[in-house]
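Quick notes on the structure that follows.
Letters A, B and C mark the chains as written, and numbering starts fresh at 1 in each.
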Amino acid sequence: MKPGIWQRIGFYAIVIVIVTQAVFPFYYAILTSLEDGQALFEVNYLPKALNLTNYRAMLAEGVFGKQMLNSVFVASVVVVVSLFLAVTAAFALSRIRFRGRGLLLLTVLSVSMFPQIAVLSGLFEVIRFFGLFNSLWSLVFSYMIFTLPFTVWVLTTFMRNLPVEIEEAAIMDGASSLTIIRRVFLPLMWPAMVTTGLLAFIHAWNEFLFALTFTSTDSQRTVPVAIALVSGRSEFEIPWGNIMAASVIVTLPLVALVLIFQRRIVSGLTAGAVKG
Amino acid sequence: MAGKTAQSRLSRNRTRSAWLFLAPMLVTLFVVAAWPLGRTVWFSFTDASLDLISQARWVGIRNYLEWVDWGDGTGQYYGLLADPRWWRSVWNTVRFAVVSVSFETLFGLVIALVLNQSFRGRGLVRAAVLIPWAIPTIVSAKMWAWMMHDQFGILNDMFMRLGLISAPVAWTASPDTAMIAILIVDIWKTTPFMALLILAGLQMVPQDIYEAAKLDGVPPTRVFRKITLPLIMPAVLVAVVFRALDALRVFDIVYVLTPNTDATRTMSVYARENLFDFDQFAYGSAASTLLFLVIALITISFILATRMDLEGNTT
Amino acid sequence: MATVELINVSKSFGSVEVLRDINLSLEKGKFVVFVGPSGCGKSTLLRMIAGLEDITSGELRIDGQPMNEVLPAKRGIAMVFQSYALYPHMTVFENMSFGLEQAKLSKPEIEARVQDAAKMLQIEGLLDRKPKQLSGGQRQRVAIGRAITRDPRVFLFDEPLSNLDAALRVDTRLEIAALSERLPDTTMIYVTHDQVEAMTLADRIVVLNGGIVEQVGSPMDLYESPASEFVAGFIGSPRMNFLKGGVAEAHGAATYGIRPEHIALSDERGDWSGRVVLTERLGSDTFVHVEVKGVGPVNVRVEGRADFASGETVYLSPDPASVHLFDPQGRPVVRSVTP
């Protein structure tokens, strides 16, 4: 039963609507970022000229470059530390039978349900206590609250599906649990770790509330906070061109990453969310 | 022969390793989540302020509800539960959650159904659909803020050209439209996520069921209603609950797109304002605690409901 | 002195008892097969000897030393898994040397052992390949090779032929038999549900059923003198004919058993007469299913080719010396010599 010509047209019309609404805002942001001065105050649907002043402004002057590095640093370190802690924890939770295991997994998962605001005041105190206020380490530390449960959950689910017999063969070969993780499981888990790491990286990169609260100087801020707080020379002059340029700079690599790792990300998201 | 369960050395070694492996992760989670949560709850029962946190004193439920007697026979309730701004923020949050999740589910379903068909260019469409999700929330907020700008925004321009409105609308500033603005941005950004989850559910439906239906001559709408929908319902439900819990915690978009707006202030925003902007640290902690309780209640109910469902269905 | 001893061994998973009071003494160098239907506990028993399962009660001794508390790698045993369990990301060489690395042997020693084992199994050319580049039969040989390099006292096989197709199964079975000859001092314990493998490979067969040992003996012992109705029905293919009712009571038993190969068939005369229901021709043998009046359905083996039409009347004469009688509990009854 081939769909009729009207159905095909209708279908593709919907497809066009879907794609347009998804892509247009980003397109428009790029458009705006390439405009300067007068052009900004007109509404343009198509590019008039390619003007890179906004980009120069954001990258050359000010601390935006440093802020990007801050974000990269924080997100990378958080992901590495989380994966490291999560791999061993996942092994215990997926391969070793012990009392309270189910409850423990549920508890760890439930931490990801905490509203960030609920731990904000308590975390604020802890961070001040450790002297980490206004340092990037405060963010590395506090971001664990969402990266750890996520990585533990996904890696546990993945490890659960590794064949039991390979582990038993390794036990027969005399390998300790640590050796089993390091030499038998880890090589088999690279795909899962890349996906999980990527998703955790994106989440950490995007984080706003903690970054806003735990840093107070521009040089220590991360990208989301930087963009949110971009201000002009006077109260009424919001530099939209700069803001769009900053947005594009920040978003292009992310979009590229997501497009390249599409399949992995899709399977990672669905594996993590569809409770196994 | 006495049946004692002697654990072999292997089992005991492994159990010991298990706890060693879990310890660092558990300790970290405790310090980063459990302890701060406890402190927040503690603060809500004290008179803590930002500068003098360590000198917080216990004051009972004063931050939640307190009856102040004027001494002349009249009095007034103070505290979070008597604060109309708090209840307004609760209402905002609930309204936001219900509307956004509903639309995201609906649009997500449509997109998922489209992506489930094979057609030329499907890969590109899927990539395009992912873009809103890939863009950082703050960036989305700023992008849309620019598009919804009352003077130079493209949205007003388009609507005026199409004759939908006669004068520019201040989407983010006007209390009537602020919530709509927030909803537009959130729905735009989160629909891909819902679409992906629903798509995963769709792809788990075995193809032969559709073929059997085709052989039986069942019309497509019927197929959707009676076959597809019931089969993907579990996946959709999980996605909806996850999204709802996220929506109740919303902060970033509201804070950046429509700051200081009564019509969109959600519980998280309310709490933070009190914590850091208004120097009402203890009060803000109380708001945070209440939000946590709401989320916890819903989560536990959901877990119990699905557990009971499993136990009800299995013999 | 026996190599592997199980003394009053029992195993429970929670409140479910899967093995009860197992007592076995397995001599050094022998090929022992644990056989039985699914769920009888044979794999669990093997895994307990390996150390992969706890022993709920009782004692396991290898060469006289108690092994309950010893880690699997230190028991002097090696195991070949049903699904080979090769490390997919390691080469054949690394698969075979992994255990030796853990035991901290020197590089030259490891090299020597792996080469020896590879030569024995004719897989020297495969040492650089990864498991996914090998066929099923080759993978099985690598799995065996991995076990050989450890130079174990006891070799454990967990249904190693189940994942192979029929032709490969026969070939590999012969290889395992040859291996056992080449390693006369190594005890082999082999688990299978296939009684053909058991009969052809074993020096000794342990028949398990429902968590207990039904019988231990050589293949011929089990074939000729089954200790229970279960063993009689399990060993021998096709299955022994079990007849209840009149014919059994006439011999003072609840069940009358006679194997298809112990019944003579003639179209002229015999002890029983019946109607042919079905004929199965295998080329080397023919199996004739006959419905005998007052007795029941009987399967008879005829050598070579035999052509009988359905419904044809034939005459059967069971060999009285090969009749097995069982009481209502399935225990053998001493035969009274009556036709």
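By our rule, contacts are C-beta pairs under 8 Å (C-beta built on N, C-alpha and C of every residue); 3 or more make two chains touch, one makes a residue touch a chain.
Given the structure is predicted, the values throughout are model-derived calculations rather than measurements.
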{"item": "Category of the chain touch graph - line, ring, star, complete, other", "value": "complete"}
{"item": "Chain whose average C-alpha position is farthest from subunit B's own", "value": "C"}
{"item": "Chain pair with more C-beta contacts, A-B versus A-C", "value": "A-B"}
{"item": "Distance between chain centroids, defined by C-alpha means - subunit B, subunit C (Å)", "value": "59"}
{"item": "Chain centre separation in whole Å, for subunit C relative to subunit A (CA means)", "value": "56"}
{"item": "Inter-centroid spacing, subunit B versus subunit A (mean Cα positions, whole Å)", "value": "17"}
{"item": "Per-residue multi-chain contacts in subunit A, two or more chains", "value": "171"}
{"item": "Numbers and ranges of subunit B residues touching at least 2 other chains", "value": "10, 13"}
{"item": "Contacts with two or more other chains, residues of subunit C listed in rising order", "value": "51-52, 71-72"}
{"item": "Footprint of subunit A on subunit B - complex, ascending", "value": "10, 13-15, 17-19, 21-22, 24-26, 28-29, 31-40, 43, 48, 53, 110-111, 114, 117, 119, 121, 125-144, 146-147, 149, 151-154, 157, 188, 192-193, 196-197, 199-201, 214, 235, 238-239, 242, 245, 248-249, 251-252, 255-256, 267-268, 271-272, 275-276, 281, 284-285, 287-289, 291-292, 295-296, 299, 303"}
{"item": "Of subunit B, residues touching subunit C in the complex", "value": "1-11, 13"}
{"item": "Subunit A - residues contacting subunit C, complex", "value": "163, 165-166, 168-175, 179, 183-184, 187-188"}
{"item": "Contacting residues of subunit C [partner subunit B, same complex]", "value": "8, 10, 12, 21, 51-58, 68-72"}
{"item": "Complex contacts: residues of subunit C adjacent to subunit A", "value": "50-52, 71-74, 77-79, 81-83, 85-89, 98-99, 102-103, 146, 150"}
